[in-house]
Amino acid sequence: MTAAGIPAAEIGRLVVRCPDRPGIVSTVSSFLTAAGANILSLDQHATEQRGGTFFQRTEFHLPGLHEQLPSLRAAFDAEVATPLGMEATLTAAATPKRLGIMVSKLDHCLLDLLWRTQRGELDVTVEVVVSNHPDLAPAVEQFGVPFVHVPVTPETKPEAEARQAELLRGLDLVVLARYMQIVSGELLAAVGAPMINIHHSFLPAFVGAVPYRRAKERGVKIVGATAHYVTEDLDEGPIIEQDVVRVDHRHSAADLTRLGADVERSVLSRAVRWHCEDRVLRDGATTIVF
Amino acid sequence: MTAAGIPAAEIGRLVVRCPDRPGIVSTVSSFLTAAGANILSLDQHATEQRGGTFFQRTEFHLPGLHEQLPSLRAAFDAEVATPLGMEATLTAAATPKRLGIMVSKLDHCLLDLLWRTQRGELDVTVEVVVSNHPDLAPAVEQFGVPFVHVPVTPETKPEAEARQAELLRGLDLVVLARYMQIVSGELLAAVGAPMINIHHSFLPAFVGAVPYRRAKERGVKIVGATAHYVTEDLDEGPIIEQDVVRVDHRHSAADLTRLGADVERSVLSRAVRWHCEDRVLRDGATTIVF
Amino acid sequence: MTAAGIPAAEIGRLVVRCPDRPGIVSTVSSFLTAAGANILSLDQHATEQRGGTFFQRTEFHLPGLHEQLPSLRAAFDAEVATPLGMEATLTAAATPKRLGIMVSKLDHCLLDLLWRTQRGELDVTVEVVVSNHPDLAPAVEQFGVPFVHVPVTPETKPEAEARQAELLRGLDLVVLARYMQIVSGELLAAVGAPMINIHHSFLPAFVGAVPYRRAKERGVKIVGATAHYVTEDLDEGPIIEQDVVRVDHRHSAADLTRLGADVERSVLSRAVRWHCEDRVLRDGATTIVF
Amino acid sequence: MTAAGIPAAEIGRLVVRCPDRPGIVSTVSSFLTAAGANILSLDQHATEQRGGTFFQRTEFHLPGLHEQLPSLRAAFDAEVATPLGMEATLTAAATPKRLGIMVSKLDHCLLDLLWRTQRGELDVTVEVVVSNHPDLAPAVEQFGVPFVHVPVTPETKPEAEARQAELLRGLDLVVLARYMQIVSGELLAAVGAPMINIHHSFLPAFVGAVPYRRAKERGVKIVGATAHYVTEDLDEGPIIEQDVVRVDHRHSAADLTRLGADVERSVLSRAVRWHCEDRVLRDGATTIVF
């Protein structure tokens, strides 16, 4: 899905959102064409046919993008976004998103993100890994990524969250890669970036703790995992991606945990990839994934 | 999975359940061998390694099975089942299960069951279709199956259930193929046969009404269906089979309904097939599917 | 994916194909906007970033579409298609495609298409079913669809194909729903409409005859089905859709046939649906499915 | 699927294969029961109902297994295996299989095997990694596993294979984790252990080189991977496991390679796990996976 043969530095992404009305596709694409850009891909969606919200993601090729980006943003705001009441984000594909990762003791999601980053499959830089346990420090440091141990106890939670916010503030995305503590609304606000969490069930089934044990007790024939944006309501944030795996009566709860781990790491990596390619747009309690 | 080259009339199935203890496989298989039977397939499961429950399904070839069945049952009870505190069922594969189907207005699950029966894929006889609406009478009658319209209103529910029980009593299995009324504990008891229901979500997600609409609102990326035994607790019965299909933001609730219908008919048909082949054993709130 | 709340009569589809160059999205969308149309959905694809072929499908809302269609077509040809060297098709969503179906003795794919048409899931009219065997006449006639038996033997193949061409000429699409005869290039040309075939393997595996038996012999763990456009090269036409199902050593070749039949009917129905919604564009030996 | 609460040292596995005849299940299970063993799980399969080959895998609990293993083997051979013309393998679950891995430059399959071994998910010891390139030495050494670089050129192939055989002889299993050289029949014989290869297509589709590029050219909608035993006929060995992932026209050949890599590592890890649990039995050109 990358633009073969075009230097990444010349590829831009324009993501917009506004009340639906006729002519938006035409207006946005005409603006880009007039600016000398060639549209590489365009996805759009309207939540309802009349009176809904309109979303569009456009990837385009524009030689000299890097130099023109500020003026292009200003022109788009003045000529298109402001008149149409549009929220717009214009980014350069060549600028990798800067990530922070929070983790506890389980390594499978964390390692998958670090591997994919190392081999260039995820176009991001991992700035820091923050954990409430020291166990994964050696694994992280092998990738040349800073690891910071911030212990969390009920008594020290406010100070711990202050330290976490300090470490994570200013990043583009924070990923909870099996971080087993509840993130408070305060931390979410203090970090100021979107957070993506992986939940180890196909939500809304098995909201809350020990989902694999409860899945075993309920006798389901399929278990899964869900990547979602973090909101103040635990396990209720907008879902980005889900996947599942078949199980049967011969699988113990430990087997479900093992099989589920593979689904978790795939689902989380896909969600992070799509987010970092500016493909995921929030629409209330749900998402649009272009 | 059928026994190629062996007359169906000579194939028997022995399903047992008892407290786990050493030697059961050996005892049961030695009994069958001594009786002149050849074991075609054997599946067993113990819920825990020590102190649990043991389940086994054995399919065997025995010339003259039909004539020997009563004496074989008596001998097995006396020599094996009673000494080991075992529940045992010994059936002839050649005797098709006798089914009743309950349905409301949606035809996709019903038609799939009737069509698979007609082409010999489901080895059952459908004795009657009972519906609270008259709409599907012509479709059912084309298959040569009796259709009985039993209207149900809040006022007439007791009489209606009495009539339903009368129609369905004595059958081997009742299938709720998108029957949109709650089945009371009284009806369940009066029918006296297992009932299988298809629920249009991957339980325990979206228990209750309008699951596809709620799936759309929650923004899930996967929808599914669940076939389960009916118990007095709505949507809480032991799950036999589940399956799912991927969806995205472009799908309306109506699209989910359409895509889900394909999953529902597949899942229900598989569950009915497995039940009728004596492959499904209840284990508390869950099932074992051999 | 339908336009909720908008009369189908006011929905149009514009599908275009041309050498890629900057400005096409803008030109096409500006034309539609100027004509008073509101774009409901837009998908585009370029085969390579430079010097490739560009494809676009646009669904739009235009009150009075039916009356304006001829003038809209003429205007688009003059102002856009001809200047840009574009092939363009402009259709009304309210006009169902007219289908012919060819079949031999297996009913599962045929019945699935007829059921879906009957319940409004496939927006088509089935004009005729042509078979080289008489067996499926009663099943077809229950749907009120004409059934024509055209026997085919090696000696009578030319006359048979002449009769088939006569029955199928002038339709929008011909579906081979497990038609077990090879269609000659002459028949393909004489019919003059696209043909979609279902092959009972995941092509290019098991090209040719008896794929399930060969799948059993090769010991594959997955079997599948492929819907593709018919070309003169057997089993080599552009693939529209594929799907698979897991199998294991316990499944006989007959089991593969049974399990595969469910995949075949789903895959073929999806391919036909997408084709009839003008979502499938040929790109050499492959397809683009919007 | 592990035996909760039972020391691994007391768990044995008996895998047998012989001409099918009545009474085998009974004979084998009676032998085990008489020896004081409790059967934990039993899977059996007969290739045809009459005159075929019979396969059985039994997992059992026997206190003192370690000490009794030699005498148990001798007794089973004398009392059961020899009289019935049976090939039998009796192993202790607590004895991990000793693995060698061959690899070239791609790390995803190798890393997945090493990581699963490290976290105890694969119950094996990796004795050595042999590569025809030096690139992956640091990655392997982080896991504390010896890495040996054995360059291979057309001229040096015989010497290289001699060196490889020396390194790999005496192991229980050799895994080709994207090893991009053809293994000769001589090497296979000299190593003397089973070899499992991962092929990056769903065989028999795209036998041979560059399968993802050919998949892109053919326009398939699904790509996959296949783990199989290595035989002298390239890509023709018995298939152990396969899996697939959906793709569409927007995916480049590079995207297929990336998406396929995830399937490859899962499929290979499952095949290796099952082999090492003595679950995979060869049956001519196919496998039985219990």
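Note that the chains are named A, B, C and D in the order they appear, and that numbering of residues resets to 1 at the start of each chain.
Criterion: a residue touches a chain if its C-beta (ideal position, glycine included) is under 8 Å from a C-beta of that chain, and two chains touch if they have at least 3 such contacts.
Since the model is a prediction, treat every value here as computed from it, not as a measurement.
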> More C-beta pairs touching across which pair, A-D or A-C?
Replying inline: A-C
>> Need the most distant chain from chain D, centre defined as the mean of C-alpha atoms.
In response: C
>> Rounded to a whole Å, what is the gap between the Cα centroids of chain A and chain C?
In response: 36
> What parts of chain C, by residue number, touch at least two of the other chains?
Replying inline: 4, 41, 45, 250
> Which chain C residues qualify as touching chain D in the complex?
Replying inline: 45, 202-206, 217-222, 224, 238-244, 248-250, 283, 285-289
> Considering the complex alone, what residue numbers of chain B touch chain D?
Replying inline: 3-6, 22-26, 29-30, 32-33, 37-46, 48-50, 61
> Quick one: in the complex, what on chain B touches chain C?
Replying inline: 1-2, 4, 41, 107-108, 111, 115, 119, 121, 142, 250-252, 254-255, 258, 262, 266
